[in-house]
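Look at the two complexes coming up: chain A is in both, with chain B in one and chain C in the other.
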Partner chain A sequence: MGEYSHLFQFFFSGITTGSIYALIAVSLVIVYRVSQLICFSQGEFFVFGALFMATLISKGVSLPLAFVISLFGSMAMGGFLQWLLIRRIQGSSIGNLIVMTIAIFLALRGLALIIWGRESYVVRPFTESQPITFMGASLQLQVFWIAGITVFVLLLIWFFFEKTMLGLAMRACAENPLGASLMGISVNRAAFFAWAWGAAIGAIAGMTICPLLFTQYTSGVMPMVKGFIAMSIGGLSSIMGSVIAGLMLGLVESYTIGLISSKFSDAIVFTLLILVLLIRPSGLFNSQR
Partner chain B sequence: MLQIEGLSSGYGRIRVLKDIDITLRKGEIVCLLGANGAGKSTLLRTISGILKADSGRVIFKEMDITNKRPEYIVRIGIGHVPEGRQIFGELTVRQNLILGRYCKKVEKKEMERLMESCFSLFPVLKERLNQRAGTLSGGEQQMLAIARALMSEPEILLFDEPSLGLAPIIVDKIMRNIRELKDRGISILIVEQNINAVLEIADREYVIETGRIVIEGSTEMLNNNKTIKESYLGM
Partner chain C sequence: MNIMERLKKAWWILPAVILGIIPLIFKEKSAYVSGILIFAGIYIILAVGLDLLMGYAGQISVGHASFFAIGAYSSAILTVKYGISPLLAMFFGMFLSGLIAWIIGRPVLALKEYYLAMATLAFNEIVITLIIEIEWLTGGASGLKNIPSFSLFGFTMKNNLHYYYFVWFVVFLVVAMTIAIVKSPMGRTLIAIHSDEVAARTFGINSTKYKTGIFVLVNVFASVAGSLYAHYMGFIAPDDFGVSTSVNMLVMLFLGGFGTIYGPAIGALFLKILPELTYFFQDYELLINGVILIIVLVFMPKGMYGIFVAMKRKIGFSRE
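This part shows the complex of A and B:
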């Protein structure tokens, strides 16, 4: 059992980080699909979600309530930024738009530093209990929360984009903006919601991992980079692809850390990206275009 | 029904349309003829609010609708079947139709009724309901584009080159369908390069050349005037 229990341990820690990468990647894909724009500020919603929840809890707000408030706060922030900044320069070159998202990223990071300082925050696990032992691996219950919430969010996204009028309209905008406008769909409005949903999902990632990860104002960078890699491997516009790629990245990282060395984990992940981009530039899971 | 007065419009600083006057009366099929790049699509896009007019007015039932947003134009009853169809290929036929009704909220039952009314015109769409629109044939996609526009229950439909890329036999069918729409009381403004096909159904024509109306007349007049046919329409 001895050797194998390690492999299980790595598997679960891989699924945990992988879920987070998958969520960030999905939040990027949602914005990308509607606006053809990679939103480099997405990692900051991860930080704001987590830190805002931590602050609320430290002020005595119950955990579920803090989760919900922080979720809606982030959603509002995402929509507001789209309305305030992105919409004004809509129609200018894609380069300008990307630089704007980088500017938003830096500004939000600065804002987080002003609000929360350099300290790291952690919140209590969603269910407080001893780690359980499964096949010789010791598991935090939070792992199940993370996996469960990820699955729930993905189902919700599926439902939204398949069954609701607004979700269909957003897909229509992504695929054919001209056709969509002629149906009376406002492309601006779709982009607004994409930003709001994207921010909310980023915040969910930050909040669910917060009990396992000390979060501070700089914590958004790595998840953002990894989410972006997952998105690229998944083919930029595929939700399914980026989820699979995100989980894969998490697993590769975790096994590399466990079996080789933590020094190599980032190098291997980036090598993976280079290989995918060289061999299949459109991503592993891209069926369209 | 629809009155266009002294309309000028274009892309950025490039003026494509210059001082256009067009009238569409209730229950008419009016056709705009002209070569590629004459400004026909530009006109339809300006009416639909996709492009901004530089000057002039668009009047619909005594309302000035110049430079209103596309959402507004669809809602008040002007549908647009765009050039190249512009259907949503990744979505199913049903989802495409549902989006055709995005502009005005309806109950589920009413949505079904609207779809049935589309199927009475295009029965093939009913068979393809849950298929991805991108897998339809060219003719079926054109039917879907028309059906999608019908979902908003328009009083006026703008058609941009509905025959483009279709086999002659399908073109005839589409033209018959457009004729049926007229019988259902919809007024139609159609842009077409396939002159023979469209003269079969149109009541009046405008010939547009480099952004200006050069000839205006009934189908009968056009058919009887050899000079016009030769010099402007290349027939």
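This part shows the complex of A and C:
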């Protein structure tokens, strides 16, 4: 039993980080599908969401309200950045667009440094209680919040893209921008909503993990990189693929830390990525090559 | 060929002379000024190499700092732990970087765009993790101390001035080599691969061979920069070579002007001097860098070199 309880522990911590990677990967995929652009600044929304919520809570705002305010704040910020900056250089080379998102990344990170300084912030768990014991593994209740919110967000995305007019319009832009614009769909507006959605999902990831992770202005890089990896393994434009890849990544990481070595876990994960890229450049879950 | 044209051909003497006399102008402050310019020089070597790879051959790299690290650590480990002479250690670093680049170049460069960016970024992370974890050799996260000064044929570089002239000599060498490559048939081949690889292959160009070749060369440059950095600093730590350093090089590239060779050199110079001018803003540095880059991208997509060219045209020095 003692042996197995460890395995369960690793499983749950893997699912926790995996959910966060999956959320970030999905936020990247949404932006990518609509504007064929991988946004290097996605991790900063993760940081802004978490730190903004932490500040609101420390000012006495209740947790659910702080969550919602921070969520809509990040959403507005994502949309605003698309409107102000990305739209202006639309149509220039892909290299320029990538570097623009890197510039946004630098600027937002600098802004976070000025606003919040170098300290780390943590908020209280969403429901306060003792960790529960399950099959010999001790679990923070926050783990269920993270898994639940991830599932909820994914359902919401599915509903949005499958059932609403705006979602369908955005999918049309992803499939064929010229065709969509000929049908009277504003590609610019679709990109605007994609950025707003992406920022919101990134912020949700940051806010739900905030009780378990000390967040500071530099915390955005690693989730972003892991989100990229999940996205690449999933085949860049597949939401389902990147969710599965994100969860797998979390599990692989958790088990390598637990069973092999905490030191080399990143090296192992990145080696896996390079291998996947070399063997199946279009991703593991992409049916069309 | 009249005298004006001859003068135009020899324009590079002017910056060379200016750089040569800068330490003399700043008399008592010269150690400080040359210190900044040594860093700038090292980054110019990196940025120019990256431009050859990205701007000409069209191969994105978000991991250029990895070979900077391999060069720096080769020099540091061989000189500190095994007492090998710095010059020999530098050559070993170049050889090692070239070898690793050659081995990984073929499979990795078969990838395109985002996948290539991801793979190079991952490679950078792997190199940094290995450096941190192989502690007995590399000193781990706390780095390697007491790296001896560079020495050349029995002459040891003791102060900033010695390093200044040596580093900038290497900078001129690297830039001259890069320009020579760009103007040679090989440069045109690279541009052909960049604009349409399939078409280039149809014309019988072995694109894999060229891409791997340029990847090896560029990373040997980066390795040299790493060796110079290690010896000048006397202390290196894994943090100096992370993905953020690679991103910084991309910023230099685009700030200066992508695919122009001179542009990235200007970009590197500017970005290394800027923090000295804004040192009282310290915490604002990240934000300022980001905003400058945004302004450049929106208002002058050809970078600082593009402005320079436009000005030259306006004054009437253009070739037409």
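As a working rule, the second predicted complex is superposed on the first by the 287 of 289 C-alpha atoms of A that agree within 3 Å, B and C clash if a C-alpha of one lies under 4 Å from a C-alpha of the other, contacts with A are read in each partner's own complex, and residues count from 1 in each chain.
Note that a contact is a pair of C-beta atoms (placed from the backbone, for glycine too) under 8 Å apart; a residue touches a chain by one contact, two chains touch by 3 or more.
The model shown is predicted, which means the values in this text are computed figures rather than measured ones.
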Clash-or-fit label for the pair chain B, chain C on chain A: fit
Chain B versus chain C as contact partner of A:172, first or second or both or neither: first
Which partner, chain B or chain C, touches more chain A residues: C
Angle at chain A between chain B and chain C, C-alpha centres, nearest 10 degrees: 90
Partner chain in contact with A:182 - chain B first, chain C second, else both or neither: first
Contacts of A:109 with chain B and chain C, given as first, second, both or neither: second
Partner chain(s) touched by A:215 [first = chain B, second = chain C, both, neither]: neither
First (chain B), second (chain C), both or neither touched by A:232: second
Chain B versus chain C - smallest C-alpha distance in the overlay, whole Å: 18
Chain B/chain C common contact set on chain A: none
Contact set on chain C toward chain A in their complex: 54, 60, 107-108, 110-115, 117-119, 121-123, 125-126, 129-130, 132-133, 243-244, 247, 250-251, 254, 258, 283-291, 293-294, 297-298, 301
Touch list for chain A against partner chain C, complex: 38, 85, 88-89, 92, 94-96, 98-100, 102-111, 113-114, 117, 221, 225, 228-229, 232, 236, 263-264, 266-267, 270-271, 273-274, 277-278, 281
Complex interface listing, chain B residues touching chain A: 48, 50, 69-71, 73-75, 80, 82, 86-91, 95, 98-100, 102-103, 148-149, 152
Residues of chain A that touch chain B when the two form their complex: 165, 168-169, 171-172, 175-176, 178-186, 288
